[in-house]
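Have a look at these structures, which come just after this line.
Both of the next two complexes hold chain A, though its partner changes from chain B to chain C.
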Partner chain A sequence: MASAQLAKGSTQLRRRSLRKAMPGYAFIAPAFLLYAIFFIYPFIISIYYSFVRWSGAGPKEFIGLANYQRLFSDRLLWQALSHNLVWVVVGTVAPIAIALLLGALMWRGARGMLVFRIIYFLPVVLAEVVVAIIWNWIYHPLFGALNELLAAIGLGSLTRGWLGDPDTALIAVLVTAIWSYFGFAFVIIMAGLQDVNVDLVEAAMIDGANGWQRFVHVVIPELRHVLTMITAFTLIGGFNVFVIIFIMTQGGPGTATQVIGTYTYRKAFQESDIGYGATLSLVMTTISLVASYLFIRLRERSE
Partner chain B sequence: MKRLINRRSLFRGSSSLMIMAILAACGATESSTPSTGGGNAGGTTSAAASPAGGTESSPAASPMGASTAATPAGGAETSPSASASPAGGTASSPSAGGAEGNADSAELLLWDTETDNTEKMDQLIGRCSEANPNITIRREVQTTDQMRNTLRTALDAGQGPDIFAYDTGPGFAGVLAKAGLLLPLDEAYQTYGWNDRLFPIAKQRTTFDGKVYGIGNQLEVVGVFYNKRIFEEQGISEPKTHEELLQAAQKLKGAGVIPIAFANQNKWPAGHTFSVFAGNIVGRDKLAQAISGEVPWDGPEFVQAIQIPFVEMNQAGYFIPDVNAVTYDDWQTLFTTGQAAMSLTGTWQISDYSNQETMPDPVGFFFYPPINGQPIAPPSGLGSGYFVSSKTQHPEAATKILDCLFSEENARFWVEEMNQIPPVQVDPSNFQVTDLMRFTLQALQEGADTMGYNVDVLTPENFNTMMGDGFQEVLAGGKTAQQQADDLQQAMEEAQAQGKVFDITE
Partner chain C sequence: MAVAANTSERAEARYAGSSLGFKILQYSVLIFFALVCLVPIFWVVANSLKTTREIALNPLGPPTTFRWENYTEAWTVGRFGRYFANSIIVTIPIVIGSVSLSCLAGYGLARFKVRGSNLIFYIFLLGLMVPFQSIMIPLFYILRDLRLLGTYWAMILPSVAVALPFGIFFMRAFFLRLPDELADAAKIDGASDFAVFWRVMLPLSLPALAAQIVFQFMGAWKEFLIPLLYMQREELRPLVLGLMFFKGRFTQNIPLTMAGATIVMLPIVVVYIIFQRRFIQGMTAGALKG
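== the complex of A and B ==
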């Protein structure tokens, strides 16, 4: 008897809470719909495409796991992934290092700090396409600023077609990416520095820690949340990089700057191999997800 | 053959999600929204599904105020022209007779890629609308890239245009033909006498598996343009052999001029250069066999066709320095500003090269001279072609419009007004064109049968990406000509295994 009443009560409660929640669902419905149409549906259909051979027109032929088997013997894929790895490592360490250095310099306040902040942050505001085109001019072998600068300071022997030389192309594009990104890391780190407990730093000073020790052992640990966030961003970004490479080199010269993003585009849309392209895009998604998940878990465990 | 490099239309998705979204969009459109192609049953003029990569609003993507010509369902009047062209568009003469016009009236959607000539194209369409008052044409212009990105999906979904301009190669129109998206035109060739009026190449290159599907347009040939002023100053005449050309290049280099404007940042130019050397070394027939997969690409002659330009001439310093870092646009600048003496490219450059404002010095043209005493086979091909969708509601009207576009009168319009060479056999002697254009017209009219092939138009796409990447590596010195030839052969074998190779031998 009592339990029945209780059950009745709980149904009522559920009904009431549902009624209460209705406006909430209604509010998220438009966003969810967009999410479903532009994320969930494409994601599922990509999984389907990864099991077929399809040229983008005409019949789709179901080929099971053949696209996945092909991944393992695809030399160009592995080469592209190795470029991604370079991108992730250098593209994560460099902007953080630059941002930390600048942050440390400006932490205690500097004259015209706002101006510096704006200058450092400006590249972040520029669209990636714009950044890529600007740096194409800087690197231009015939009238680029970089070569002219080198020649002017007597390093004329170093001038070259930066984006056309397989030895320098990847690093040249990477420098561009770092330039466009470090401002973001800088602003986040500056914000993080505001929260650093000054008492701790002063305590370390009294204990005789020098500037470097204070920075490494006190300040950086205090910034760990901020650094985790930035690293997670660059990890995902490093595996998804596309626009900047596609515009600057199209993966060239040869395949010297091919990353999985540009390789996927090439397979799916230039070679009309939609099935394999979908497979590659899933590989890319999986890698980014796993890498960020592992990274965040490791961070959490170490705390 | 012509690549329109449109930065605006570059693929922008930066994440895998975007790529997936696009992949999915290919599928999504299959089951959505009412058809806009091929005039709907009720004669409604539904707004055309904006083609072209959605948000990219390049000015060219929106047709010149066209596509508004509303044909009332069963209305007695048919406004003759789709385009607001000064020529025929505004004069809205009613169609011949109410009842009759009713029966035959058709509304066609036409997609073309005349972004540079869009007003002229409006005029041309206006002429054809006037000649066929029952047919209303809505015209939408897109960049070549946009067309490549959207056409296949649109046709597959039944939403595409009735008539469209598209690349003729097996990787493009060939794929559509295989998927059953193109209307066979064998009958139309008979009915309208196209076999006599048009060059055989217009039919050959649009024939797949024994059926003809289109009319190839924009006849083009690759050769050497040269700056007459520089040649005169250096006392150089048109070279008659490959050796003479090399001597001239050496002399020019000594004089501080870039001998040959060639650069390969864009990856595709090397394919044209390779086509020139392959044609002149192995000859037209053997090149056709190689393209068809009957002769291997790793033989010594093809290795030589890679070795001579990309290793020997490059190392001798006859090309633009930092060859892989310089774009096709920069190459044009170097040539038109007189910093380079020769430009090894296609006749699509004629309008730029004969324009006093862009190119102050006079320009001459010769085909790349014989190598090893072999007859030359300059790469010639088609910039694009016109095709009809197999899903069109009005096949007859569509072929009528094709017939009009490539009539003898309109051939002159293509040449004089649009600087393009249509596949129509004409006598150009009284055309009002530049000397450079007249020379090319005559050469193409006379030599069409002995011309070689532009390889990348005819080979499968994986072969083309191998050319694109591999030639850059050879130019950079990281790969030998033999290795590249081996890789090309391997790419060809892979394509053959997938049934992507077309037989072009006659």
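== the complex of A and C ==
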């Protein structure tokens, strides 16, 4: 009796709270519906595809974990991942180093700071195709600025077709990418510098620390938060990189600039190996999720 | 203003002792990097105004005569007029769709503590961490089965879906900072939930909305992979895709490629320079709170 009443009361309560909640769901529903159809659902299907062999037409053949086993013996995949690793390390260190240098110089105040900030961020807003055209031109074997520059300073022997040479193609595309996003690191570091506790810096100054020491020992530790964040971005971005490489070299010459992003595209859309392509895409997802998780943990610890 | 004066005073104190030597070093480095950013862009614009012959003779200098015909040629023969129209046709619905949906959902998640709202939020957050590659293959077949492949919708719908996680994350954080009392007061006056949102909260969120609009515009205008996969038909191509195929087809015609690149670059650079403060704000706020 009592419990029945209680149950009745609780359904009423639930009904009331549902009515109260309805507007909340109404606000969320349109976005969630679209996101579910065009993001969550395909993501789940990707997982399903990773267990089948399928060429995009005809029946799908269930093959269990075979696609996953194939990952371990796929030398091209490991080569691609090693290129991603180079990309992540250089593509993280270089923009942060440049941004810190510029930040250090500006942090002490500079006339025309706004103009510099606008200019440094300018490459970030350009579409990758435009960036690729710009740098294809710089690397052009006949007219390119890089070869002209090398010839002008007496290093003519080094001139080459930078993107066509397997030894330099990866680093050439990587330099292009760094050019196109170091401004992002710069802007974030500048924002972080605004929050640096000025009192700490002044205290260090009174203790006789010079500008460089103050920057390295007081300011940079205060920036750890911001630096972790940029690293998370470049880490995830470095494993997911696709567009700039696809446009500039298509992963070539040979496999010299193949990364997991271009390799996945190749398997799925050029070789119609849908199941294995999906498996590769899940490798990318796993790396991204692990990196995000590490980032969140690191952030919690730094707080 | 007062704040600015105060920080510049503090700054003054900080720079006390910075010598002329430091200033010279400082500006050489700052200007060097500014040139590294600007000169390559200058080459594109300069070469877009030369003839093929002049490029061979003078690849890096400014043009001696301005060949504006390159632009009319790129626009008509190179079909950049068509591509430009396509970019506008897809960008407008993507921006409207992603901004309005993420504004609504962000508000819903921030203001109503409904059952499962945390779970819903985490599901959206997942979209920030999962790369597009992991949905691109099934999405192809889904769009094909919906008979959307090779229509503008094949770019619009996935682009909105992909833009939602960041948009919702950003708007939710914004609405969480607005005091609940504002909405409660209007609620007591008998306004419906939607009226509260529309008349009270939305006007307050205009700065955040503006940042979102600029940000999503940039994203949609630059988007490459989605149209590459689902909207390759020549007459539907947006600018970036048109430019990519154009550069492949006209490798020998450098001036036209450069004119095309300038056409793609110009609108985004103009929007960026006009709204740069809002844009950088939106981007750093989103990133730092991430």
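What we mean here is this: the second predicted complex is superposed on the first by the 278 of 303 C-alpha atoms of A that agree within 3 Å, B and C clash if a C-alpha of one lies under 4 Å from a C-alpha of the other, contacts with A are read in each partner's own complex, and residues count from 1 in each chain.
Here is the rule we use: a contact is a pair of C-beta atoms (placed from the backbone, for glycine too) under 8 Å apart; a residue touches a chain by one contact, two chains touch by 3 or more.
Not measured: the values here are computed from a predicted model.
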Contact breadth on chain A, by residue count: chain C or chain B: C
Partner chain(s) touched by A:Tyr41 [first = chain B, second = chain C, both, neither]: both
Partner chain(s) touched by A:Phe233 [first = chain B, second = chain C, both, neither]: second
Partner chain in contact with A:Pro221 - chain B first, chain C second, else both or neither: neither
Which of chain B and chain C A:Ala26 touches, first, second, both or neither: second
First, second, both or neither for A:Tyr139, with chain B first and chain C second: first
First, second, both or neither for A:Phe269, with chain B first and chain C second: both
Partner chain(s) touched by A:Val125 [first = chain B, second = chain C, both, neither]: second
Partner chain(s) touched by A:Glu148 [first = chain B, second = chain C, both, neither]: second
Contacts of A:Leu101 with chain B and chain C, given as first, second, both or neither: second
Overlap of chain C and chain B interfaces on chain A (superposed complexes): 38-39, 41-43, 45-46, 49, 56, 128-129, 133, 140, 240, 242-243, 247, 261, 264-265, 268-269, 274, 277-278, 281, 284-285, 288
Chain B - residues contacting chain A, complex: 7, 10-17, 19-28, 149, 152-153, 155-156, 171, 175-176, 178-181, 265-267, 320-326, 330, 334, 461-462, 465, 468-470, 472-473, 475-476, 478-479
Interface residues, chain C side, partner chain A - complex: 8, 10-15, 17-18, 22, 26-27, 29-30, 33-34, 36-38, 40-41, 43-44, 47, 55-56, 59-60, 97, 101-102, 104-105, 107-109, 111-115, 117, 120, 123-124, 127-142, 157-158, 160-162, 164-165, 168, 193-194, 197, 218, 221-222, 224-225, 229, 239-241, 243-244, 247, 254, 257-258, 261, 264-265, 268-269, 272-273, 276, 279-280, 283-284, 287-288, 290
Touching residues on chain A, where the partner in the complex is chain B: 38-39, 41-43, 45-46, 48-49, 55-59, 128-129, 133, 139-142, 160-166, 240-243, 246-247, 250-255, 261, 264-266, 268-274, 277-278, 281, 284-285, 288
Residue numbers on chain A that touch chain C, as the complex places them: 17, 21, 23-28, 30-32, 34-35, 37-43, 45-46, 49, 56, 98, 101-102, 105-106, 108-110, 116-123, 125-130, 133-138, 140, 143-145, 148, 179, 183-184, 187-188, 191-192, 198, 201-202, 205, 211, 226, 229, 233, 236, 240, 242-243, 247, 261, 264-265, 268-269, 274, 277-278, 281-282, 284-285, 288-289, 292
